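Common to both upcoming complexes is chain A, partnered first by chain B, then by chain C.
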Partner chain A sequence: MFGRLGLAFSVASVIAAVLPPISTAHAEESLYVPLLTYRTGAYAGSGIGIADGMHDYLEMLNQRDGGIGGVKLALEECETGYNSQKGVECYEATKGKGALVYNPWSTGITLQLIPKAGVDKIPVLSMAYGLSAAADGKTFPWVFNPPMTYWDGASVAIKYIAEKSGGMAKLKGKTIGYIYLDAPYGKEPIPLLEELAKENGFKLAKYPVPGDKMQDQSSQWLNVQSDSPDWMIMWGWGAMNPTAVKEAAKIGYPMDRFIGVWFSGGDDDAKAGGAGAKGFLTLNFNGTGANYPALADIKKYVFAKGLSQVKGEDRIGENNYNHGVYNSMLIAEAIRNAQKIAGKKMIDAADMRAGLETLNIDAARIKEMGLEGFMAPMKVTCDDHSGENPVYVQQWDGAKWVKVSDWIEPMTDKIRPTLLADAKAYADKNAPWPARTEACGGR
Partner chain B sequence: MFYREVGQFKSTYAADMAVFPIRQDRIGILVLLAIAVVVLPLVSNDFVLTSILIPGLIFTLAAIGLNILTGYAGQISLGTGAFMGVGAYAAYKLANAFPEVNLLVWILCSGVFSAGIGVIFGLPSLRIKGLYLAVTTLAAQFFLEWCFVRMGWLTDYSSSGAIEAVRRTLFGLSISGPEADPLTRYFVVLGLVVFLTWITSNLVHGRIGRTWMMVRDMDIAAELMGVRLLPAKLLAFAVSSYLAGVAGAMMVFFWLGAAEPSAFGITLSFQVLFMVIIGGLGSLLGSWLGAAFIWALPVVIKFAPGLVGIDVPSARVEHVNSMIVGALIIFFLIVEPHGLARLWAVTKQKLRVWPFPW
Partner chain C sequence: MDLLASIFLDPFVRMGTNPTFLVQVVWEGFVSGVLYALVALGFVLIYKASGVFNFAQGIMVVFAALTLVGLAEMGMPGWLALAAAVVAMLILAFGIEKLVLRPLVNQPDIILLMATIGLTRFLVGLGEMVFGGEPKVMITGALGIPTDVLRVPLFGKTLILKEIDITAAVVALAMVAFLAVFFARTKIGRALRAVADDHQAALSVGISLEKIWVIVWFAAGVVALVTGIMWGARSQVSFDLEIIALKALPVLILGGFTSVPGAIVGGLMIGIGEKVGEIYWGRLLGGGIESWLAYLIALGFLLFRPQGLFGEKIIERV
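Then we have the complex of A and B:
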């Protein structure tokens, strides 16, 4: 009996020790934005930076501008651990509080939320991940995946390779290796890559990495060594990235012929390869480093006040952190846009959907936000929920990422028909899939 | 005092061998059922239904399945997650191929497929025992997971590689798919789990259950007394996988709504195994208690601070959660190695003789 009491006391004291004092009640008028993040588990290495970036940008708006349009944002993080069960739990726990939008940060959780979004009338913003076909706004009015899909990314990688080789015609007879996480995420670009391979006469060599073997890729890289492809493309996440960079460096693969997707471009991913990682390329859609007025404001209004969970000031501006900032920028701009369309400050999730659908961030607005050079102008339309916006290529110089290409437009004409067919297949399989009833442009 | 049996006479053998020979137990079960059917739906909101009650019930069924194999028949298995996956994919394929048949029929049929797979992977159990058998079931886990990822046919060649819950109705009420009301889903899941628990209870209290327990306690002795080992063990594998398969199908259709192959990974197997160990090996009550403990407790700890207005960083809650649950698991294993079910049995015994200590 005493044992049990003692345990109760020790548990209580553990709780008491880790809890900060009871916070003040949320401001009466606020816009509720739940953040589904993961700071624990196997993917925390990628997830922590994103979680910090997302939280800090929105908190910065709260501190600097008093929120958006004069309304504070109520932020709440919910830990998913990149686990679908917990993702659904977080969704159910937060949706009743007036959630404006969900950012699942996991393809698995995104797939679960897609059918729910239209029923619960809460938009899902899966920034450059999730279901590529969701870019079809006619079929998926409640799902958004700006600024581009994985297929757009894959086409840009091929375009960049062609440019370096001296034109598409020169790709004939070459071998391009594709190393990927053997999960929905990594398999997504394969149909497009295979189509491009057939069309342009290059050979696609595939090297799948199983999710539970992410940290042991020696067999895959042994095959790479014997096939010696002219270029390598990688779709990796979490622990897969640093391992692949390390292995590539070990077998002496030319790093300036190794292109990762934007989610393979974490600073820690490249650092893992040491000096051998120099020259490693990845796609990207946001600037790196903290040399932007908006990020300086994050340091001033959030980090300096101790409101951020980020480990050190130098972590602000890392690539994953900036992915998070980009994501929050999209949320903030959509809220601003929604307020404009609805003509009121307190918007609901339906207004938010309209705001996301008519999102148009031009160069002037980018400058106004203090993010000049951080991103390319982008827009989302009623038909196209991803926007197929341009991507650039960056290179690791041994200490930081350096932009080495212009903004490259994806092969929209190739991608769009496949994408629409895929969206139709999804809707057919989930029949009766509800037809779109939301009007374009506004509500 | 509380559990006084004085005056309860049994005049038939059937009454003496009943599952609940004491009147208080029978009343207690009815009260619990009444609470589950009437009180819980009235007091629960959508969050409690979808995040605690529905998954709790589904895990209960999975735990009962594993308990048949590990607790009653003594065969260790680490493949529960994969067997749940087989059920889920089977239900998905069947429901899509024959949409006119009621979904509940396919949910119940899906277990047959996982039972078949379970029997195949159960074959080595005749020669391999104990921890070595755990390794062969681990092979089942990895092999089946590989199938879920690689066999496009299982997902109807979906580009995302995931399966989604189809929209289906029962008596005009939507029971599956995004429109299904949590309360309807809860009743469907509750009905199925209670029904299957009842069937299993009859199974383990009868000849088959006794055979399993003989095999568990000493298989050579069982063989000498005329128990045919292979059929007995394979039947345990079949029943166990059947229940796991049905639980897996329910997991996708009534709880998650969609599932990718990694949802049926080794972590799911361990989750169910912990439920069985904490709840009590060889006890149906233990499966219920174990599932409630392992599933509901972390959810409650995770969201309780927010409900009372304390603001804690989400990652810290997660870490504290692992610490508390881990500590409690160790605590329970030290205080009562036979699980929560044994704890209840001890409590009950104390209540029977109260106020006397013996």
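Then we have the complex of A and C:
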């Protein structure tokens, strides 16, 4: 028995020694970009598409352009399993390799990394997730959450509902249900929603879904059935999304009054709901489908060469994949910016911070990147690390997502004071929180 | 006073004024309970045969369902994929018996528990390697499982029933009944109980440990497959289905680790109890109470029957 076990361990050791980690282009002269991803575990269904999109866009730049500014990108994935502890382990294991930026892809991991970012001087890029208050660049110089925060998203959902109801005044007396993953991610927009409910006279009915109840939401939807809210908003992730869509269809809830956040809009989330999912709405900030020159280049330079882990070509262009592409586009543009500001090709994490802080992607640049129609122009400033950029609403037509609204600006005037107050509360709670010493857009 | 009314009066008023909704809540609890019982059943079968808490039961559910859906995605007809998934569970049972259990005969229970933890990680890796980590849609159509929604008039209102839930309840109850009779009335069932009591004593009277273990792990594999089909149809087939193993714990505490009827009765009590508690009293505590309410119900019973409702009372004489 132990002979067999010993043999198995020996074989495993040899395999481990021979196989390289999942990394590419880790050459001497390269810019090191660790990618915290999750291709395994309970949330892999949401994580795989994002991981593929992130990797493939950056690899496409390596293959097509020889990297950025003539320097190749060294990409290394570290599997977090959407687990905060593993995410921190990935961070600690890779930060010494000259990491330029961390993309935690989990609000839980982001919250763990925020205090470390300023100490280790490595920026954290939590694209449209994480701590909303981190958008306050004065308090959080090393944290970035463009193109918008969860609070921006929640405010856009309310604006969309108001528009469909005949104006903000018509919200008075209505009930808006909020079903959410009972985790830091799902709880994040609640303070803003409660404030908006108070201001506008609508009732906010909350339906928390514990992590171990993602596949069995009958209680939550029985409560929805009993309360009959006029609209439903969802902050779901993983298996919570398709289950919620199925349950909503079951109780006959009108799907065109059910709006998910951008992370509830995976193609698989809607497909699992079958015909019942038709009409389901979600917010979004990136285009869907692969009909963009940059995505055609991914197919040509990455997929066709067998350098992508994506399961099939038809997966390129799915919503989660495109979230990953958007995230890597931000990384690439920040590197390009940083190289320009620093006047050198080999930048470090402090230069990268400056690059992120001066992101300004206009329509001309979007076209140049081959992403025309994929995104709205966006900007980050020293004070505002999210940019509070616009969001649009998309609808599932039974086979694909269709854009059904213009770009909607978030309620910046409402959000900003709450956000600044929250940032101050965070700093007070974590006192002594270091005062910002970094120059605006500099080191 | 308001608080007392919201605890002792309002919920019952709501039940009385809307009996259709009460029936709906109890039905949803019943369906959840039956499905919890299915998960618990997998644990009970293996515990009875080997005295080990099978940590791998959750991942067996995922692995079985993934095999079925994965093979169907590769172009295999639904029923053939189902048969192939059953064969895969048989092969898995043989493999576990030969490579994990046989070398560990008479080792302390904790060693067997650790072995099932190792088995869990192995099955996660194997499943991801072969079928990938993307979520998959259960092939309900190919298996002939109805998925429509029935709207039944009741007390002047409408009761909503999903055909998949009715199917799940019928299949699960039939399976539990079959297994209860099989293990209580057949020679194999008696052999199983003998093995559970004492491995060496069972060997000394000519019972083949290997055969019993293969049968039991195969039965647990088939139960996992059925569980995976039913839960997968309600949500999707992905690795997060592994979490449903957690549902079995309060059911096992309540029903006992060694009783097949205990699994079903415990499942129903937990399922209906947590749904009624969540809907009529949950809001008082901010909602989302059903996860821990199930344990509270189970622990309440433990105070009076430590061995569970149907568990065997262990009497040790000095």
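What to note about this one:
Assume the second predicted complex is superposed on the first by the 419 of 443 C-alpha atoms of A that agree within 3 Å, B and C clash if a C-alpha of one lies under 4 Å from a C-alpha of the other, contacts with A are read in each partner's own complex, and residues count from 1 in each chain.
Everything below uses one rule, namely that contacts are C-beta pairs under 8 Å (C-beta built on N, C-alpha and C of every residue); 3 or more make two chains touch, one makes a residue touch a chain.
As the structure is a computational prediction, the values presented were derived from the model and not from experiment.
In the overlay built on the shared chain, the residue A:Thr243 is in contact with chain C alone; chain B does not reach it. Touch criterion met: A:Gly211 reaches chain B and chain C at once. Once the two complexes are laid over each other on the shared chain, residue contacts for A:Arg39 go to chain B and to chain C alike.
In the superposition on chain A, A:Asp182 makes contact with both chain B and chain C.
With both structures placed on the common chain, the touch criterion links A:Lys116 to chain B but leaves chain C unconnected. Touch counts on chain A: comparing chain C and chain B, the chain ahead is B. Of the two partner chains placed by superposition, A:Ala304 touches none, neither chain B nor chain C.
Applying the stated contact rule after C-alpha superposition, one finds that A:Met346 touches neither chain B nor chain C. When the shared chain is aligned, chain B comes close enough to touch A:Cys78, but chain C does not.
Judged by the touch definition given at the top, the superposed model places A:Ala363 against neither chain B nor chain C. Overlaid on A, the two complexes show chain B and chain C touching the same residues of chain A, namely 39-40, 182, 210-212.
Against chain B, the residues of chain A that register as touching in their complex are 3-4, 7, 11, 14-15, 18-20, 22-23, 25, 37, 39-40, 51, 76-79, 81, 84-85, 88-89, 92-93, 96, 107-108, 111-112, 114-116, 118-119, 131-133, 182-184, 187-188, 191, 210-212, 309, 422, 425-426, 429-432.
Chain B makes touch with chain A in their complex at residues 45-47, 50-51, 55, 96, 146, 149, 156, 158-162, 164-167, 177-179, 255-263, 265-266, 299, 302-303, 305-306, 309-320, 323-324, 327-328, 331, 335. Those residues of chain C lying in contact with chain A across their complex are 18, 21, 24-25, 28, 31-32, 35, 103, 124, 128, 132-135, 137, 147, 149, 160, 162, 231, 234-236, 238-244, 246-247, 274-275, 278-279, 282-283, 286-288, 290-291. Against chain C, the residues of chain A that register as touching in their complex are 1, 39-45, 47-49, 182, 206-216, 218-220, 222-223, 225-226, 238-239, 242-243, 246, 249-252, 268, 271-272, 274, 311.
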